[in-house]
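Got some structures for you, see below.
Two complexes come next, and they have one chain in common, subunit A, joined by subunit B in the first and subunit C in the second.
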Partner chain A sequence: MPGADKEADLTERIEAFLADLKRGGCGTGPIRGSGETARETTALLRKVTAQARWSSAGDLMEIIRKEGRRMTAAQPSETTVGNMVLRVLKIIREEYARSRGSSEETDQQESLHKLLTSGGLSEENFRQHFVHLKANVIEAINELLTELDGTTDNIAMQALEHIHSNEVIMTVGRSRTVEAFLKDAARKRKFHVIVAECAPFCQGHEMATNLSKTGIETTVIADAAIFAVMSRVNKVIIGTQTVLANGGLRAVNGTHTVALAARHHSTPLIVCAPMFKLSPQFPNEEDTFHKFVSPHEVLPFTEGEILSKVNVHCPVFDM
Partner chain B sequence: MADCGEPDGPDNKDNITRSKNEGKELTKEEKQRLRKQKKQQKKQKERKDEKGPSETEKEKTPVSLLPPRPVATQKAPSALPAPASAPIPVPASAPFHSSPTPSPADKPAKSKAELKAERRARQETDRASKQPGSSSSSIKTKAPLSELNPVVKRLPEHVQVDDPAVVKRLAKKLERQQIPLRSDYGYKVSLFSHLHQYSRKAPLTQQLSIPSTVIHPSIVRLGLQYSQGIVAGSNARSVALLHAFKQVIRDYTTPPNEELSRDLVNKLKPYISFLNQCRPLSASMGNAIKYIKKEISNIPSQCKEEEAKTKLLQCIDRYIEEKIVLAAKAISKYAIEKISDGDIILVYGCSSLVNHILCEAFEKSRKFRVIVVDSRPRLEGREALRRLVQRGISCTYVLISALSYILPEVSKVFLGAHALLANGYVMSRVGTSQIALVARTFNVPVLVCCETYKFCERVQTDSFVSNELDDPDDLMVTRKGKTQLENWQDVSSLGLLNLVYDVTPPDFVDLVITDLGMIPCTSVPVVLRVKNLDQ
Partner chain C sequence: MSSRGGKQKKGNVTSEQEEEEQPLQAVLVADSFNRRFFPISKDQPRALLPLGNVAMIDYTLEFLTSTGVQETFVFCCWMSNKIKDHLLKSKWCRPTSPNVVHIITSDLYRSLGDVLRDVDAKNLVRNDFILVYGDVVSNIDVSQALQEHRHRRKVDKNISVMTMVFKESSPGHKSRCEEDDVIVAMDSKSKRVLHYQKTQGLKKLQFPMNIFQHGSDEFEVRHDLLDCHISICSPQVAELFTDNFDYQTRSDFVRGILVNEEILGNQIHLYVTQDGYGARVSNLQMYDSVSSDMVRRWVYPLTPEANFTDQQGQGCTHSRHNVYRGAEVSLGQGSQMEENVLIGRDTSIGANCRISNSVIGNNCTIGDNVVLDRAYMWNNVHISSNVEIHQSVVCDGAVVKEAVRLNKQCVLAYNVVIGPNLSLPEGTVVSMHHPEEEEEDDDDEFLSDDQEVGHSKDKTRQKAFNPAEVGPEGKGYIWKASMDDTEDEELAQCLWGLVLNPDPESDSESEASEESQDHSRSVSPEIDDVNAFQLEVLGTLQRGLEENIVCDNLVLEINSLKYAYNITLKEVMQILTRVVLEYPFQQQGTQLTTLQYTGSLLPLLKTWSPVFKNYIKRPQDHLDCLSAVEELFLEQDTHQTAMVKVLMKMYQLEILEEEAILKWFSTGATNDKSRQLRKNQGLQKFIKWLEEAEDESSEEGE
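This part shows the complex of A and B:
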């Protein structure tokens, strides 16, 4: 039956995606960028919307929530997955509301008013069936996808507003957004970039080679020299993995040190983050979201005789 | 005197070049002859120049052109910090802002020789005015200054790599001492173009001619050990240096008609230049060398050679014993008071002193844990880790990027220092300032341990003006068979920076533990002053 085939196909794709997430996140550092993850998640959710069987918005939301929970469980540190799921849910709600005919603003006002006055459960239980809901939702998800594709370019277009000529800019590790940002600015301005390699994965090296190929003056420094050279830096531009609800960042290891050094020298710190990295998670305490990878990057197995007596830590992210 | 050098000219030159090529040390006579020849050439050039347009100069100084006959003219020297030492090379093109009291506006542009003449005259008058009883009025205001030796700060050569005159001067000096000059390697980041950057793969010893009787073999070995990083760490380097010097003294014999005190010091000069070329001297090594030179020059001339040598050897042993070994004991005594049970102590890199302290504390059965922080590319922390684990201390190991993760559990930070500068800044391995900064943010006390012989009179506020650039190839790393920066030389806009030292401001440091006690960072100049008075 074609329907069953499609379903099997769908589950297969979801499984493949989950496996990829699990594998991609640990071991040798993220080999897939957050942008790709976001795009794949959205594409997958679109497929789910298209192929799964549902009759009303409520069912669809249940299905998506279930899938979303599985995906976030596969790789909890990859918050873009969760963010995208939330966006899609919001789209569904909006489409539903639009189909019902009520405009969004009054709806929101109403709901607040309703919350205060009625105090009971909202009547919105998304049970109504609309014929065009599926098409609308899929269309909206497509819009989301095009938006995702354009985020890096949108950010890069603002580069010239922030970088003047003959500046010294410091960046940490590797971020595709920052790379595009700097490359765009380099077309018109001449400046100097200092890249701090990020031990133990040393992604800064790749960033430096990419930047220098476009003719930007680049220097690679070791992590330990960040404070030493900070006095000559005019701006610090970094990318991040997630922007948390309190404005904090979860970024690559060593970013906290960079931020402290920048504050000491009163250097402005700019973070380039596309909107799919904004997350509603709230860090209640410092330790909640850490992720570790195999410490063999830090202390290789060749140091065998002391390994058993030593604790080794290798956190991937900094808060 | 002026003539005896001339007729032998060509013969002498042959002899000298021949012995240079053979690597033999120039005898004293040959060196003197060289010096005289150079003076002749200079004089001849000046005589030729002076025959050019020589206007009526306000000072009657045609005589004073021939150095150095002090002409006590009544001319008031203009207020110039005139360089007092004549052998500063005349080709130094630094525009001497010669504003003599005869206003240059009236006269036609003076020729270079005339300016030189005026300068010489001024130098002579300065020198003459050093004697009391000179009558020039404005000299009196300058008198206190000139009595103190008009001080022109001589910058060390190794921070003036971007000045071609200085580099030339160094090359000439090394040629005289028959030491090869090491060439820089790789693209230097523009902020650091005033420093040397060498490659470890091209050690200096490959350029030495064989046989070389100029440099003692133990010094050659030492230089190689320094440049390859086999001997590293300021205490280790100083001790190795002193042992090598002991060997040199043992093998030394005074040549006839020479005094041991003067000749030995001169012998040591090329060794020191050689070691400097292999790896720039550290502050501790500089202090040790000063001490040795002082001891050597204090040897009375009647002393017999054997006696003098044993005395020197004893001095060196005593220095090592006092300043390094006993100091370490004293410091650990103070430091152990600061370690309490249940502490979690953070250390950075491999400092022999801090390792010593921790081992002593462990032996006195304090219960503590150690976190060793390490950084690329030197990864010295692994060595410290090995040493501590062998003693049985429980350790944790992280890289410096994990610092803000690990600091909340730390109770104290112990750091070693390479030198303590006179304005309270701590010069230490690169990364130390970062640790102090983050520790201060988390309100963790930072204690620096440093012996007094590492105190240094220099002043530095940032890590750029004087630093050491290590081999940039060390930053490359091969992961999964791919080396990202493999061809960094080919890409013109890519530079690698491998700093060795950085300076930590004193407000990040809570306490400095020295063999004189526990002092705040800002008391370093006081200690220096007291030490100078003692000596």
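This part shows the complex of A and C:
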């Protein structure tokens, strides 16, 4: 039966994605950029919308919430997954509202005042069935996907406003967004980049090679030298893994050092982050959604007997 | 008997692409064919024992799936039903699993060899496959090794039969199993295994020199390898096992291939990984280290909070210092989970407890004031207050009452009760199965593994529990590991790993006792042969003298001995020289004066000169003979003056040529003693005389 096959196919894709999330993303293997994760999540959600059986928006949202919970549980440190799920849910709500016919303005006005005065729960329970809801939702998700594709370019286009000639710019580790940002500016301006290598994964090396290929003067420094060099730096530009709800960042290990050094020297710090990295989470518990990988990077297994007497940790992110 | 748990993949591509597109297959042996985990494994097969609250076979399957295996054959023997049930409920038998699992059971498997013979008989593998045991925990990405293996086979036309995966780790590392400690001699460039030997605790090892003559010039002898028990095998491996019925384990196979290399031409290669973790839980010592490695996240991404088995309710949160807590864990006041602790769900811990480096299963209850250090507790364990547990394993359903102290390396098997106010000495194993009952129904167990083994208790007398052993309210029998006589005499294999018997034949004295049994096991068989050959030659020469046998016949005899003992020609000649030169000592004792010695030796040399001439033909032979002579006289310090006479006689009898003697004299003074030898007056005179003689003869020749 084609229906059952499709469902099986869908579950298989979801399982594969979950397994990938669980396994991938360790520091040494091919790192999946957050952009790709976001894109895959959205594509998967689109498939779910297209193939799952649902009769009203409420059902669809339930299904997506369930899948979303599974995906975030698989890799809690990968927040883009959760972010995309939330965005898709928002899309569904919007489309539903539009189909219901109420104009956009009145609905958006869910101001605090209205919430207070309205008293009980809102009447929306998304039970109405609309014929074209599916098509609309899928179309909106497609728009979201195109937006995702264009984020890096959008950011890079603003590069010229921020980078001036003969500036010294510092960056940390490897970020695709920052790379594109700097490469775009390099077309018209000449400047110097200092990259902190970011042990133990040392992604700074890769970043430096990529930048120097396009003709930008690059220097790689060890993490210990960040403070020493900071006095010579005009700007610091970094990428991040997540932007948290209070404005805080969860970025790669070593960013905290750079931020503190920059503050000490009053150097301006710019963060380049595409919209799928914005997360509604707060950094309340210090332990949640942190990622520790195999301590192999820090102290290799071959070190032998010392390992039984020593605790080795290898965190991936800084808050 | 095979049952499927997944959808079938059909390979219907052209034969050219078939090699790359064939699904990667794996053979997983879910039975270890030994009793290292008895009596725990009496109730539960080893592959299902929990490590970090997850069955061990799940780790192996996860490792295989993440490395790209698409079809796995799981072979079970002992308690196969339990394994089958577990697998059918797990995520690998869901239709969406990328890895198709086939479960094959049989009661007749007794070793790895049997399993592979079955693989060959059923023609299950079409291509290269990965061979693992069911208790391997690893996160190694085998695809690199697989690529190298396939490349080698393509280039060398299927000479390479197997690639073994090892992990680099220094000796003495706690995750290195002492029983599996292995020394490997390998060719650095081609990664080929030249010699493979288990060290078994020895400090001196012998390597046959012929392995280093294979043409390459870079060799490595490595002791820093941890055996992951993961092998990439070609289909020929199964065939080779069928051909050789006596191969039971992988080591047999490796040794067989290396020994028969000239005949069969097969080679074994190695792949050493630095990143990645792989280890096999072969005894409780390894269980301890692999468990702690896992809790310390060495096996990332197979970490406890990842819940890679997708079981409901299995997830836990990861906190600082590697503390993992499952759902609904309650902690009493003042209790501390210090570091590297994993607690399963629904467990409640009392007040003022201190827990470190431990793994606690689901549904456990722990009382107050409990100290747990390196304790491994499985599900449904009940521990009362004031208990101390150090480096022990407590299985499902056990109850530990108040004020008990479990010292190191204790094991409490299923459903055991240990009474209040007791301190168990180190290394105690307590089980509900009586040790004697095991021997009685030995045969039955293997045939009828469907029945609960516990029912067989009706047959035996129900023995009372000994309160002195298990406490006033205790239940259980103390289990002593039976010291099998058939096992190695020195190394007793108990649950916790090697226990070297404190016998006089321990390692530190093995230097003195070179003839001791264990040493002779590791000494290559060639040296035994050489000794035997020497004795035989001596016997032959003696008989020759007594019975006046013609020299030709002596030569014949020596030649046949050479073939019988597989001695090389060069060695024959050296031994012959030695035997002859030692003959007077043999006959008349060692207290000869030089004069007596030469008196008896020189006639002998004359008698046996045809024998010598038969063996000394090429210039190299002369040099070898001379070095044997030198060696002998170096040992016999007092008779060095005799050496001159010997050499003179040999020269006169035309056994040795002057060029060879001169060459030997001018080269090869390797140590002080031989230099001293050469300074000997008589020798110097002799050499001078020789040189003059040579000059004369060459003048005459012109």
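Quick note on the criterion: the second predicted complex is superposed on the first by the 304 of 319 C-alpha atoms of A that agree within 3 Å, B and C clash if a C-alpha of one lies under 4 Å from a C-alpha of the other, contacts with A are read in each partner's own complex, and residues count from 1 in each chain.
Everything below uses one rule, namely that a residue touches a chain if its C-beta (ideal position, glycine included) is under 8 Å from a C-beta of that chain, and two chains touch if they have at least 3 such contacts.
What you see is a predicted model, and the numbers here were worked out from it, not measured in a lab.
**Q** Overlay done on subunit A, so just call it for subunit B and subunit C: clash or fit.
**A** In the superposition, subunit B and subunit C stay clear of each other.
**Q** Could you work out the angle between subunit B and subunit C as seen from subunit A, using CA centres and rounding to the nearest 10 degrees?
**A** Roughly 70 degrees separate the directions to subunit B and subunit C.
**Q** Should A:N234 be classified as contacting the first partner (subunit B), the second (subunit C), both, or neither?
**A** neither
**Q** Tell me the contact category for A:E217 with respect to subunit B and subunit C: first, second, both or neither.
**A** After superposing on A, A:E217 lies in contact with subunit B but is clear of subunit C.
**Q** Touch test for A:Q281: subunit B only (first), subunit C only (second), both, or neither?
**A** neither
**Q** Would you check which partner chain A:Q51 touches, where first means subunit B only, second means subunit C only, and both and neither mean what they say?
**A** Touch status of A:Q51: no partner.
**Q** Tell me the contact category for A:S99 with respect to subunit B and subunit C: first, second, both or neither.
**A** neither
**Q** In the three-chain superposition, say which chain, subunit B or subunit C, touches more residues of subunit A.
**A** Counting residues of subunit A touched by each partner, the higher count goes to B.
**Q** Applying the document's definition of touch, where does A:E15 land relative to subunit B and subunit C: first, second, both, or neither?
**A** Only subunit C; A:E15 stays clear of subunit B.
**Q** Note down the smallest distance between any C-alpha of subunit B and any C-alpha of subunit C in the overlay, whole angstrom.
**A** The answer is 8 Å, the least C-alpha separation in the overlay.
**Q** For subunit A, what residues appear in both contact lists, the one with subunit B and the one with subunit C?
**A** Residues common to the subunit A contacts of subunit C and of subunit B are 28, 286, 290, 303, 311-314, listed in rising order.
**Q** What residues of subunit A sit close enough to touch subunit C in their complex?
**A** Interface residues on subunit A, with respect to subunit C: 8, 11-12, 15-16, 19, 22-23, 26, 28-29, 73-74, 286-288, 290, 292-296, 300-305, 307-308, 311-314.
**Q** Report the residues of subunit B in contact with subunit A in the complex, numbered from low to high.
**A** Subunit B reaches subunit A through residues 189-191, 375-377, 382, 385-386, 389, 394-406, 408, 429-431, 433-434, 437-438, 441, 462-464, 475-477, 479-480, 484-485, 488, 491, 493-499, 502-503.
**Q** Inside the complex, what are the residues of subunit C that reach subunit A?
**A** Listed in rising order, the residues are 65-66, 94-98, 139, 141, 167-175, 224, 274-275, 277, 289, 292, 296-301, 306-308, 315, 317-322, 339-340.
**Q** Where on subunit A does subunit B make contact in their complex?
**A** Listed in rising order, the residues are 28, 192, 194, 197-202, 205-206, 208-209, 212-213, 215-229, 231-232, 253-254, 256-257, 260-261, 264, 286, 290, 298-299, 303, 306, 309-315, 318-319.
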